[in-house]
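Here the structure is laid out as structure tokens; the discussion comes afterwards.
Going by the order they are written in, the chains are A, B, C and D; count residues from 1 in each one.
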Amino acid sequence: MKALIHITLKPGVLDPQGKAIANALSNLGFGGIGDVRQGKYIEIELPGRDAAAAEADVASMCERLLANTVIEDYRVEIVDNS
Amino acid sequence: MKALIHITLKPGVLDPQGKAIANALSNLGFGGIGDVRQGKYIEIELPGRDAAAAEADVASMCERLLANTVIEDYRVEIVDNS
Amino acid sequence: MKAAVIVFPGSNCDRDLMVALKKSMGRAPHMVWHGETTLPDVDLIAVPGGFSYGDYLRSGAMAAHSPIMNEVIRRARKGVAVLGICNGFQVLTEAGLLPGVLMRNRDLRFVCRDVFIRVERKDTVFCNRYGEKQVLRIPIAHHDGNYFIDEAGLAELEDDGLVAFRYCDEAGTTTDEANPNGSLANIAGVMDRTRRILGLMPHPERLADPALGGTDGRPMFDSLVASLS
Amino acid sequence: MSTISNVTPELAAEHGLTPEEFERAKEILGRTPNLTELGIFSVMWSEHCSYKSSKKWLRTLPTEAPWVICGPGENAGVIDIGDGLAAIFKMESHNHPSYIEPYQGAATGVGGILRDVFTMGARPVANLNALRFGSPDHAKTRHLVAGVVAGIGGYGNCIGVPTVGGECTFHPSYNGNILVNAMTVGIAPKDRIFYAEAAGVGNPVIYVGSKTGRDGIHGATMASAEFDDESEQKRPTVQVGDPFTEKLLLEACLELMATDAIVAIQDMGAAGLTSSSFEMASRGGMGIDLDLDMVPMRERGMTAYELMLSESQERMLMVLHAGREDDARAIFEKWELDFAVIGRLTDSGRMVLRKDGETVADLPVAPLAASAPEYDRPYKPTPKRQAVLKNDADASIGVCDALERLMKTPDLCSKRWIWEQYDHMVMGDTVGRPGGDAAVIRIHDTHRGLAATTDCTPRYVAADPVEGGKQAVAECWRNLTAVGARPLAITDCLNFGSPEREDVMGQFVGAIQGIGEAARALEFPIVSGNVSFYNETNGKAIQPTPSIGGVGVVDDLSRSVGIGFGDEGLAIVLVGATAGHLGSSLFLREIAGSEEGAPPAVDLKTEKANGDFVRAEIASGRVKACHDISDGGIAVALAEMVLAGRFGATIEGPEGAGHDWWFGEDQARYLIAIDAADADRLVSAAGKAGVEARRIGIAGGATLTITGHGTISREALRIASDGWLPAYMAGKAQ
């Protein structure tokens, strides 16, 4: 199995990187740029687990390490890549 | 429109963050962790564009700034959030 | 020698570099704001360390697209010497003037301390005042100094002798313990094919004054003055 | 404006107002405040802004000296450092946010203290940080250390101000309440200091920096009627720092400060727009009208209440001379920062807020500031403790073995793992790097320097708040002296439990008394500071921790010294009397497992005599190395000198010197390395000055040899000292 994890800042939390990217894009001449938010995308190979086990493991990985749940949300997707 | 952008390291490119995450996870007692890769996930609001225009703009944003195409691949998805 | 130091929003070693250049040049370099589109007539363009644009997105990525960079690239192509230190090195790789990339340090931590580096070749405008394979004590201070390049690229660097400095121990041996950030082949600095563009992670400008505890960085600026005046 | 208010006593209570305070608020307005006004009362009268529990005692601290330009009350303290320059500095706590989210909490703490300093016109030249964590084996500690250190580095490294010093210790009393105290030192031309005193009816009030979001609007208000569930989950309680924007703000402010456009300027710190606008108005006895629709906003639909209480970072409020708006705007736009005229000064003496065309708040400035509550809280002095006699010392372990064990304890081990994550060299003036007694920063383009350090020994303060308060100031003064600096002034960051508890209040009162006594005796006035109460978890308070940050001047950098033995054959001289005081010592705690005993007494006369003697010797250029003696006593100080330099040493104590002599923590002591030929002169000069001094050994070799007690190699000491923290953080040691 393989886990695809999206970690994004909670709504309303300042995103300095997103802000800087938005400015840089307009400086590059891209007009009409709205809000820009930057998050993390993590892929984890999980050999020898079934979807349910993978799902559970990854949720606790996010809680304990991957996401800073005070300011970040996470979304997990399990795909079968065998 | 809104662009959802995934930026990932090309295969074979060293990923210190992914490596460190894999180690940290095993230290936390998660067994059977395979390859871990960390990439970026960027969301950009693009008011007043149609899908085609957005698609084109975002592709060139990636080429010119968002991705370092020497080591990174990118994937763009345009969604209608109006 | 006439020199220009490029200043980006978030540059923070621009003054340090100016001070070090001034010591060797005997006069102050031009300080050029990133928003400019032209450069004065200079023999050296220096890109300083710091956190241009906060190092957001990728270190050096946004600065590489600043208005002034078109002119920097044009002058570089004409053979004007270019020196990029730390964040400046990252900017030059992002701008395509130097090969490879600087990834997050192996242990993911920012590291600030003196390290030893070995001069890999002295027959350049940057190093002629150093000894053959001289070992220098120079400070590093970075989060993204982990040099990476693909196999073909590395082979080319090695074959053409474009590696300028390698991390080593006090005796000059390039061990893994002496590698502070995981850089491929202990690479601390590289040059382009013309050997007139140099990027390095260590900060020679920080150890060019005895009052600060060392002067191993000074000869780099003296070399430039000697060969570009 | 509509004077109908839905504010109930319950809502007032949720905002932290006592029934009496709520009544006083109603009297001042002559009506019930509306929600926005309630929010303003609650922050202005909060402990944080009003110092209502501490004011009475802070007033007793000495704050004056001929070289003090501006004492407590402004954004930071200002002292004259000669050559037409002033040093501007302050220390502030960011304890609770750092416990909730260590990286961002610590980072925004650094950002906040930097703004306090550059808002007065100074370019920051050094950051320091005093850190207290829980027991290393507590489940959260490792995570908190990693996050706090990364956050402090992340902010300071990016903005490009060197982080050059601090302290870091561990104790179970901090398990649920870590302390993160950040200090910034800046330098400004003495005649170009900027204050936060509004003046000039009609002058524009300007907002610059980042946009305002719903950051850090305090918890109590979440329950209040105005917010639906959706906006609740929209509201982050943790603030995220943006050091890049702060760097732009710093450069833009300094650029504008080089002109004469500014009347007054104040950073928006805690309680952002409310306290900044209110304090500027009340300092100048002015009224102020604000049009909240002009405030740059990050989010849609923000209410007046949210705009006034938001703690979004990297923002400043200024009053400009009318007509200078465009010059100022040009500078801030060059730096890609928001710039907005949000109001004007008036002579009404009132703060009037408008939003969507109507008045949403109207408060009298002076009464609100003047009648801010002030409490004389009951307190119970801390009972005195018995002295610990030398025969209590555990002699079952040899001196060298005990030393090796002490060097790898969390409190005594090297903090290299921490400071190597801080850029401590940027700006090119760091002459004395972390690892010594005080950091030394060259004053740019001169041969003079500033020395800075932070100090406190919480276990002493817990054992005896008065002596502990004295000791914190004395050790700070000593650390500055040991590098050859003239100590000039201090900032304090007073971290305690709940002032509503008599024993905690007793600690506070005692510590202030001790700090005041020492500051007077050492002519070391307090010019700025900060109080952090309520550092406790279910009734268990932290060890009382009054962190003291000190600044001094080095008149000739070529004579400043470090702590390392740099040459073979140097004589080692012990300055100060050694009775072998073990009470509340680290030897007792770490080797004998007891936290008992009275702390070492601080004799301020001796402290001054010894320090002045040592400083004069260093100034004479004869001293080669100097280290003050603190935690762990003579043996630990010697080990640190051996490690910092290139050579070991051979030491001989007096007849029958036991553990108490080697590890006792008697105060007012230093170790000096000096040419052997000069040592006898030094000792007799000391005698003439009434200072106790004796030769105890000679530097050289690769080991530390304590005659009669064995030998330990530099390598073994290095492994002990440098090994613990990295191993612990890697999850190996404990």
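Everything that follows uses one rule, which is that a residue touches a chain if its C-beta (ideal position, glycine included) is under 8 Å from a C-beta of that chain, and two chains touch if they have at least 3 such contacts.
Everything quoted here is computed from the prediction, not taken from an experiment.
Novice: Going only through chains that touch each other, what is the minimum step count from subunit B to subunit D?
Specialist: 2
Novice: Which chain pair shares more contacting C-beta pairs: A-D, or B-C?
Specialist: A-D
Novice: Could you please state the distance in Å, as a whole number, between where the Cα atoms of subunit C are centred and where those of subunit D are centred?
Specialist: Between these chains, centre-to-centre, one finds 36 Å.
Novice: Taking each chain's centre as its mean C-alpha position, how far apart are subunit A and subunit B in Å?
Specialist: Averaging C-alpha atoms per chain gives centres 9 Å apart.
Novice: How many Å are there between the centre of subunit B and the centre of subunit C, using C-alpha atoms for each centre?
Specialist: Here the centre of subunit C sits 29 Å away from the centre of subunit B.
Novice: Could you list which residues of subunit A touch at least two other chains?
Specialist: Only 16, 20-21, 24, 28, 38 qualify.
Novice: Quick check on subunit D: which residues sit in contact with 2+ other chains?
Specialist: Residues 242, 244-245, 336 of subunit D touch two or more partner chains.
Novice: What are the residues of subunit C that contact at least two other chains?
Specialist: 53-54, 56-57, 62, 65
Novice: Would you mind giving me the full set of chain pairs in touch?
Specialist: Going through each pair of chains, those in contact are A-B, A-C, A-D, B-C, C-D.
Novice: Can you tell me which positions in subunit D touch subunit C when the two form their complex?
Specialist: Within the complex, subunit D touches subunit C at residues 150, 153-154, 157-160, 242-245, 247-248, 335-336, 419-431, 433, 442, 557.
Novice: For a test of understanding, state which residues of subunit B touch subunit C in their complex under the given definition.
Specialist: Spelled out, the residues of subunit B in touch with subunit C are 12-17, 20, 40, 64-66, 68, 70-71.
Novice: Contact residues on subunit A for subunit B in the complex?
Specialist: Residue positions touching the partner: 6-8, 18, 21-22, 24-25, 28, 30, 32-49, 57, 61, 64-66.
Novice: Once bound in the complex, which stretches of subunit C touch subunit D?
Specialist: Counting only subunit C, the residues touching subunit D are 9-10, 12-13, 15-16, 19-20, 49-51, 53-56, 109-113, 139, 141, 143, 203, 205-206, 209, 211-213.
Novice: Contact residues on subunit C for subunit B in the complex?
Specialist: Counting only subunit C, the residues touching subunit B are 57-58, 61-62, 65, 94, 101, 103-108, 146, 148, 150, 182, 184.
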